[in-house]
Amino acid sequence: MSAVESKQQASFRERTRLIIFEAETPAGKAFDVALLWCIGLSILVVMLETVKGLDAQYSKILLAFEWFFTVIFTIEYLLRIWCSRQPLKYITSFYGIVDLLSCLPAYVVLFFGASSAFGVVRALRLLRMFRILKMVNHVKGAEVILHGLVRSKEKITVFFFAILLMAVIAGTLMYYIEGRQADTQFTSIPRSVYYAIVSITTVGYGDITAQTELGRFLTTIMILTGYAVIAVPTGIVTSEMMKLQETDKTSDACPGCGVHGHLPDAKFCRRCGSSMNEGS
Amino acid sequence: MSAVESKQQASFRERTRLIIFEAETPAGKAFDVALLWCIGLSILVVMLETVKGLDAQYSKILLAFEWFFTVIFTIEYLLRIWCSRQPLKYITSFYGIVDLLSCLPAYVVLFFGASSAFGVVRALRLLRMFRILKMVNHVKGAEVILHGLVRSKEKITVFFFAILLMAVIAGTLMYYIEGRQADTQFTSIPRSVYYAIVSITTVGYGDITAQTELGRFLTTIMILTGYAVIAVPTGIVTSEMMKLQETDKTSDACPGCGVHGHLPDAKFCRRCGSSMNEGS
Amino acid sequence: MSAVESKQQASFRERTRLIIFEAETPAGKAFDVALLWCIGLSILVVMLETVKGLDAQYSKILLAFEWFFTVIFTIEYLLRIWCSRQPLKYITSFYGIVDLLSCLPAYVVLFFGASSAFGVVRALRLLRMFRILKMVNHVKGAEVILHGLVRSKEKITVFFFAILLMAVIAGTLMYYIEGRQADTQFTSIPRSVYYAIVSITTVGYGDITAQTELGRFLTTIMILTGYAVIAVPTGIVTSEMMKLQETDKTSDACPGCGVHGHLPDAKFCRRCGSSMNEGS
Amino acid sequence: MSAVESKQQASFRERTRLIIFEAETPAGKAFDVALLWCIGLSILVVMLETVKGLDAQYSKILLAFEWFFTVIFTIEYLLRIWCSRQPLKYITSFYGIVDLLSCLPAYVVLFFGASSAFGVVRALRLLRMFRILKMVNHVKGAEVILHGLVRSKEKITVFFFAILLMAVIAGTLMYYIEGRQADTQFTSIPRSVYYAIVSITTVGYGDITAQTELGRFLTTIMILTGYAVIAVPTGIVTSEMMKLQETDKTSDACPGCGVHGHLPDAKFCRRCGSSMNEGS
């Protein structure tokens, strides 16, 4: 192998690396999008395989799709090792292990047969979903939402403890009110707390419900009190989001008088009338 | 037919066209409102016909109403073809096809008898509901809501994917936790994902519920985590709506260039730099 | 009867009128509050009388309370007629008829016996609840909420029609998807529309649920789409409420420079430094 | 015992007091956190003891944990009496009684045997949860949420009465519509009001559901009307929270009088009228 050939190969490897690992070039972005579609469809295949009726009918098609995605992910995994600058670092990284684990299940089944642990092993492919998190930086809207959530993190934690406190108190009361009934569904405090949380968050499955008049009365009080508390996280997120947007709006200062808070399309300062574009 | 008669007829056709197709004139607006009432009532008739108890009792009255609306819609369809400037364009347009499809079912039943496909064909009349969308521009409140939704479109898409991601992960976990129970309702991953979405959005039908303590614990975590995420769309829509209103509030137009939407304390137009206070 | 006596009586009648009909004096306010408690407690009695278990046990106490409140309301009704300036106008007014109807039931039962229409007649007393509406102007918080609701009336109407439109479309689809099942709960379109509204508003009773995979899939889409729309009324009310509060904040202009938007406790203008209290 | 020893002991007692009663020192904060963990875990033990399946299996471990926490709480109670400046005042205070009641149950069971009142007595330990309320002042996020709730207290009360009024009216109507059915679940007005509240707050257990077409129609109206009203508490809390944050944002203190909370564009203090820009 001549030096030129080796250099060409290195260059080819580098170009492959840019496509597979980075998302700056158009080809790299296209690769990422194609990969996400493959991941999404392979997850759909894994999900459909657990459906009893469908499995018997379309099992061959699903098996074909499963092998198709397994081959694709195997090729992708080998390519990543080949073109990575530090293959060992990639293999031992979080995403490296996830990529390996998402290829293995099909081969395990092929060589060892469909064992009872079959389903759990196959579910490893779902780990690939975490790749979607990599896409977050490319999406503009996601950033705002994440910022809003991160900035209200502390308050949301407090809110969770308030809900838990309410649920434990209300659940314990419900247990002592309803637990004496003959055919009660409030058989333990944890189950009553589960009932309280399901009620306060307005989910209300109805698998556990109050049987006595007093229990119904307490449930009513609990729901209404919870309603005032539950309004809080929405308020928190909304006000954090508006603060973020306000900061966005005021991102440029006037070069003439330094006033902030211009509208996004402003060409002249609304205070001193000097041009906004001089500085930029 | 003399030229005058022909001209009179053309003028009559043009006047009819203004009433039927446009909503600028009082007569045109009245026609639109009357048409909407007819559509609404004919939809109610189609809906009531599917009620078993009512059908036997009032079937004759409902049949009379059905024919009444069919005749009205047929006349309206023929009038539209007659007075349209480009009849072919109308017939092949979306609303043209919808109008035809909403008249046909009754005639199909008359000539071919009530076949098994009867119900589905009759349901075509429901397509007429889309005519309501035409009214949107006439309603002031609708515009604000639509604007708010359209401007938060990107963020709402991200939010939907976040919910889906959460639901797939939580649903798969629930499937492996609850699926081993003898009389489990978590028979497949798609069903478990359906359970997760129904729980996270606080709908909580209760047709599928956790049977194990661990399943109930995971459900509780899922609901509470979902609650923080679910607060996001409200926050998004609210903040978008307030931004819209803020722009509305400062509705003074620049005396120089006529641009709207200045900040409340603006002294100079942000576009052309001319003084805002000259006019006032 | 001398003129003095007559005058004294007229004065006494006028004083009674001020207490019963107006709420400006302390005595009038106390009367209103006492009346509200009587109405609330009498409603509670009517409600408890329908409870099967309690009725047998405490029926005598409840009957005593019922007669107690009936006598009070009868005396109040006669007093109102006696001291009203225009007795006929009061008797034929909405509240006059409500007051009469809320006394009658007990006497009807006394003279004619507890007929089958007993319950319905007794429920007339619940009409008295509307008296609470009279109290609205005395409560400060109620005004803000009502203003917020009234100002967003138009948008909320549009929102209701959007929900209805979504529910009719989704309900009809569900009817044609689920209606073919042998033991389906989607027996008619109105019932399916009821299911759609219960789902979109996240109530989710679970009395009607999807049985097929396709039905569950459509339900999921419907819930998630509904979630974006359902965020709208909260956004509307919030932004209307904040506009109201903003107007409150900016209610005084500086007498020196005319700048608005001072904080409620401002004593000096934040722009020109002149005293804010000079004008007032 | 010499004076020095007595002084040393007094000093030791004072130091213990600072750790147990105050949270200013690092040791005092650590003690509070450790105590909270003990309370949390002992509550978990009390909750798990009511689970039937777990109790048989792990009852010995749970009993050991119960005694472990009982001993810890007893030592803590005695220490508090010993090092308190006014022991009697502590013993008769709310938290003193709560501390005593949370130790007693285990000893009661030891001496008198597990009576039928066993569970209720043991539940007294849950009262300790209220100690968490003491931590509120240490958490920054909690303050904002509490402020938001306290400031909207009046409006939330009005909102609760509006919900109750709606629920009583709708519940009574549902009782007279659905109550005539043979197998009705609307057996009394209080039960119907419970149904109305569960529906309006979008909990929707589904233990009581409408059986007639008319009942379903009224339920739909009730849910949709409730939706507009239910949007109100969120709006209230959000706008109160944003007002709080607005005041926070302009956190510069006046160099003259030190008053906080100026508007962003303030040039002069709104209280003393001195220039805001001198310091900066």
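As written, the chain order gives the labels A, B, C and D, with residue 1 at the start of each chain.
Here, a contact is a pair of C-beta atoms (placed from the backbone, for glycine too) under 8 Å apart; a residue touches a chain by one contact, two chains touch by 3 or more.
Note that the structure is predicted; figures quoted are calculated from it, not measured.
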{"item": "Intersection of the contact lists for chain B and chain C", "value": "A, D"}
{"item": "Listed pair (B-D, A-D or A-C) duplicating the B-C contact set, over half by residue number", "value": "A-D"}
{"item": "Mean-CA-position distance for chain D and chain C (Å)", "value": "29"}
{"item": "CA centroid of chain B to CA centroid of chain D, Å", "value": "43"}
{"item": "Whole-Å separation of chain centres (CA-atom averages), chain A against chain C", "value": "42"}
{"item": "Two or more partner chains touched - positions in chain A", "value": "51, 190-191, 202-206, 213, 234, 236, 238, 242"}
{"item": "Residues of chain C touching chain B in the complex", "value": "154-155, 157-159, 161-162, 165, 168-169, 172, 175-176, 187-191, 193, 199, 202-206, 209, 213, 216-217, 219-220, 223-224, 227-229, 231-232, 234-236, 238-239, 242-243"}
{"item": "List of chain A residues in touch with chain C within their complex", "value": "51, 53-54, 202-206, 213, 234, 238"}
{"item": "In the complex with chain C, residue positions of chain B that touch it", "value": "43, 46-48, 50-52, 119-120, 123, 126, 129, 132, 139-142, 144-145, 148-149, 156, 160, 163, 190-191, 194, 197-198, 201-207, 230, 233-234, 236-238, 240-242, 245"}
